[in-house]
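You will see two complexes here that share chain A, one where it goes with chain B and one where it goes with chain C.
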Partner chain A sequence: MINYNKTREIGINILRRWILIFLVGEIVFFSIVGTNYLSLNNLQNILVASTTVLLLATGETFVIITGGIDLSIGFMVGFSSVVSAKVMVDLWAAGFSQTLAITIGILTALLLGLIPGFINGFLVAKLRVPPFIATFGMYGIAYGFAEIICNNVPVHNLPTSLGSLGHGYLFYWLPGKILSFLSKPENLSREELKHLVSIVPNVTVIAFIFIGIFAFILAKTKFGQHTYAIGGNINAAERAGVNVKVHLIKVYMISSFFASLAGAMYVLQFITGRAPAGSARLLDAVVAVVIGGASLSGGKGTIMGTVIGALIIGVLEIGLVNLSIPTYNLHIAVGCILIFAVLVDQFSPEIIHKEEEIR
Partner chain B sequence: MKKLIIGILLICLVLSFVSVACAAKLKIAFMPGIADPFYFTMEKGAKAKAAELGVELIVGEYPKAWGPEYQVPILKALVARGDIDLLFTAPTSTEALIPVLKEISDSGIPIITVDTYLGDGDYTKPSNYNFPLAFIGTDNFLGGQVVAGQLALMLGGKGKVFLENTNPDVSSVMGRELGFRAGIKMFPDMELVGVEYCLDVQETAAAQVNAALLKNPDLGAVFGVNVFSAQGAYQAITSAGLEGAVKVATWDATETLIEALKRGEVDLILAQMPAEMGALCVEWGFKYLTEGAEIPRKVIPGFFVFTQENVNDPEAQKYIYK
Partner chain C sequence: MEPLLEVKNITKRFGGLTAVDDVNMKIFPGEVVGILGDNGAGKSTLIKVISGVYHAEEGQIFFEGRQIKISNPIEALKIGIETIYQDLALAENMNVYSNIFLGREKLEKFLGFIDVLDHDYMLVESKKVLSRLDINIPSLKNKIRTLSGGERQAVAISRSIYWNAKLLVMDEPTAALGVAEQKKVLNLVRTLSSQGVSVIIISHQMHDVFSVATRLLIMRRGKKVAERITKKTNVDEVVGLIVGSLPGDYIEVSKEKR
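So, the complex of A and B:
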């Protein structure tokens, strides 16, 4: 009997943490089969390549926990990238310093990006438009406005220092000699450049600062509790005194804020603004949230789970490139993982919940 | 949970010691711009040359669409393998790829840009983009002029022409545009009535050419700078019932376009020499790595013009991308 209980407990633990185990399994697999997969350089690449999905999925987690969905974020990335790039180009051309132009560009995009979120939330909360329809409408509108602003041509002639920001690192370390913070040491010989170790990409730092803040908000604050409450049972939440309408508007604004942030990061990395930027990542973001343990019917999900979900996709993507396997296989793999995640979610709750009740 | 994390860290540690570097053949990496016959042909040329020289050619995945957001993640993952001796690539943006390739170059991997270049492509003067060893690719400006001249010949030296371009931040197609503009100016009775950018989307190209046809019912010819813009142009011309009346000139002798030329949908194709470009990259790269040879900063293979008259010549067949 004891043995049975023990195995059962292990089984449940594995089921609960299967995504983490899966992620580790992926990394181990690619490290063995791939070439230098487990190098600092490559691991940082995975984080950088996952930036858009990580940011979109974090915002989406809030919406999905309330039982809604935000489809507009796909084109919100493009909208925000075009707005910030355009502002940067115009200000720089008008004689502003590069730093000022870049800062104002990013802030403008982040602020303007709140408006579609507000409208989404207003439609869903006050006018009772189904989230799927409201945000799908906004998806098209954001794309259209982005194309108008950039005149159907990717924004170019951006400030030249963008690249050193977007591709820069927090630390540069020349073993035994220099440790430089934020700026790449100058006047290095070719030999020294070869040995320069770059640690923690800037875009990853920015992304994780915001992800961390919002993970805290969701897990530890009243705001987070209310978010779960609304997803669990909206009527009960209302009776308990949660201002559901205002809360939903805030949640949709969080989602569009993260999409705008992803757009700004896009400009830093790719030094251009394009209307369709990031639209291909919408599906990946929703998948990451679901793999991460959130339920589309609401009330469940964590930022930690979402981050792991996003990394599962990123690790796979970079792994396939490392092995020179065409990435369309990625879609098949991600599709399978998604379905598997939902299956685990459907069959495991009884076991896990029962177990928790017994305790 | 703690045990699990510690376990993971231990596994990672062990694996990082396991990674073995085996030094054998020289490894040259090729990072293409987009999945299309032009770069496929380039890979074939490079592969043949690599086999001849005993070099291993590692080909990055072909990006599904044109642009740094598709190319950069693949490029970074490719280079992170850490076993590459030299990289040749077609940067998908004159600006956005500068910091990315600079970092790779600084990490000790010499770079050759092929087909497209960084900045204005002049790597001899001081700039933040003069680090590649060389640019190996067609003189797009000259090619644009040649197309303009050939179209003028077809139209009897007078008439209206329209240019359907793809991306304003890509060196190759902008070179074609500038050359075409300059070429048309040489004919006083020729007029360039418009330029549009379709971003490699055929439907967009069709819509834009359609609008141009409505605005200019007497349009004489369209120059579509690549396969997507040319096919979009032809689509618009047929749906307006104007095939034959409006000439279509294009670039790149893909089998699709050669078939279109044979059917009379396209009237002129300028063929580049992608296989030769790929082979040149491997050859010069090999010479640089083994003998420290100085590579010319610019290497320009020629081109060939296909028309309906010569498309079936046995001599011309070798210029078709296969």
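So, the complex of A and C:
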């Protein structure tokens, strides 16, 4: 005898978690087909390669939940990378210590990065410019300013210690011998270096600290609750006493903050600042959010879903590299996954939305 | 008895158009008053003045005997006047109790210093208010999207009651509802009234208004033309007053005043 209810329940649970199953499936597939795919090193490479998309998508999740979209984030990465790189170069040349130059460079980029977000939010909330237009305008503006600041050439001659920070790991472990924190243990022989295990890339740590904080804010706090309410019914939120305009401005600032953070991480990883740095990642970020269960009409989405969405893209990207398949095929695959995700959402029965514990 | 709400000589103009012209009305605690009139008669404008959406050029509003100025809907809410709108002002993507607490979420401390939502409290409190109003909704964790029109209305009303609304303004509450659901909403209006909540109801469904309202206010072209005790009038007279085939009681008076 087939237990209908049980089968049904399993079906619902599969539908609810299909993206997680898809991600695991991807990893299993590439582990079998690829070479050395399922190794600590490779998995960490996936995380590092996904940094930009992870950060952009986290900020974008907030915007998309409110029913908007932020297209400016692509070039905001470039703007922020150029600003922070330029500040680092100038301060270092002016005799500041490397640490100070790097810190001030990153902070400047993060602070300046809030301005475009504020303007986006102001245009959308107060002047009722459609988000697509407002942020598309900002997309061009950010790119133009970035090119002006760097005079059309990538910023070079950055402080030399950037590399050890950007390519560094949280822990280094020589099995059975040493566990060191943040920096490689000194005086290792060549043989020992070969066996040195690096655990958790610094950029991933930084990214996930912020992603974690904002995932908490979205899921657990009043701010998050109001973000969903605005996406669900902006008039209802307004009438319930939510200050919708201020809230939207904050949301767009969160998005541009994450884009700026992605720009700063770009400088750490690639030791340069380039105006078009993250522009190609805009689409991936939006795709990650949508795969993660958000709807472009607003009111839905979680950071957890977005992170899985971003990882689906990252796993695929590194997987194609692993199989020596030209990466332009990635765009085809990502496009297909995006459409698939929307179809699953559209055709899955209402029951999977019926009772969800969170809000 | 002191009226809960009294509006005196309210006039609201939009440019050259006088949408509400020198209207007076009183509502007593627990009373259900119906406002009737054709499209453009000024019903909606009048209630929007009461709920703080519009500002009247002339006239005064008294609530519980004190003169008040309502400059926006939030202030009206704080005073205890809540409007249940046709679009219900619920976030469909959120569950029942989150909607009841929207904008006034109950928070608790996480790790002693971070304010987070207190879901348990909000769920329990929401259950209480729903049962007080005899409203039956399967689970308060269900999203509004999954509820019927009548259930949504009930949620919107429970929210206002939970937040101590003393006067509910309902604009076309039964429009777009099935017959069984209409009955439920009207029963809910009676329950509210029996618990001392006053209700102003606007509806084109004459039958609904007659079945719940104790007093009727008829408007035509911005003016209040008549006021009737429901039991002492009938549909024919009211229709006559609405369309203007019967003269009404107040038009001449207001003309004299000018």
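Definition applied: the second predicted complex is superposed on the first by the 348 of 359 C-alpha atoms of A that agree within 3 Å, B and C clash if a C-alpha of one lies under 4 Å from a C-alpha of the other, contacts with A are read in each partner's own complex, and residues count from 1 in each chain.
In this section, a residue touches a chain if its C-beta (ideal position, glycine included) is under 8 Å from a C-beta of that chain, and two chains touch if they have at least 3 such contacts.
Everything numeric here is computed off the predicted structure, so don't read it as measured data.
Colleague: Could you look at A:L196 and tell me whether it touches chain B, chain C, both or neither (first, second, both, neither)?
Modeller: After superposing on A, A:L196 lies in contact with chain B but is clear of chain C.
Colleague: Scan A:S183 for contacts with chain B and chain C and give back first, second, both or neither.
Modeller: Neither partner.
Colleague: Please name the chain, chain B or chain C, that touches the greater number of residues in chain A.
Modeller: Comparing touch counts on chain A for chain B and chain C gives B.
Colleague: For A:G231, decide between first (touching chain B), second (touching chain C), both and neither.
Modeller: Once the two structures are laid over each other on A, A:G231 reaches chain C alone.
Colleague: For A:N329, decide between first (touching chain B), second (touching chain C), both and neither.
Modeller: Neither partner.
Colleague: Check the residue A:A240 against both partner chains and state whether it touches chain B (first), chain C (second), both, or neither.
Modeller: Only chain C; A:A240 stays clear of chain B.
Colleague: So, A:T99: does it touch chain B (first), chain C (second), both, or neither?
Modeller: After superposing on A, A:T99 lies clear of both chain B and chain C.
Colleague: One more residue to check, A:T7. First (chain B), second (chain C), both or neither?
Modeller: neither
Colleague: Using the touch definition up top, name the residues of chain A that touch chain C in the complex.
Modeller: Contacts found on chain A: 220-222, 225-226, 228-229, 231-233, 235-237, 239-242, 298-300, 350, 353-357, 359.
Colleague: For the complex, give me every residue of chain A touching chain B.
Modeller: That would be residues 17, 20, 24, 27-28, 31-32, 34-39, 41-42, 45, 48-49, 152-154, 156-158, 160, 163-164, 166-167, 190, 193-194, 196, 198, 266, 269-272, 274, 277, 317-318, 320-322, 324-328 of chain A.
Colleague: Residues of chain B touching chain A in their complex?
Modeller: Residues in contact with chain A: 1, 4, 8, 11-12, 15-16, 18-19, 58-62, 64, 67-69, 72-74, 76-78, 80-83, 93, 95-96, 98-100, 103, 106-108, 128, 167-169, 197, 199, 204.
Colleague: Going by the contact rule set out above, which residues of chain C touch chain A in the complex?
Modeller: 73-74, 77, 85, 87-95, 98-99, 102-105, 107, 110, 114-117, 139, 141-143, 145-146
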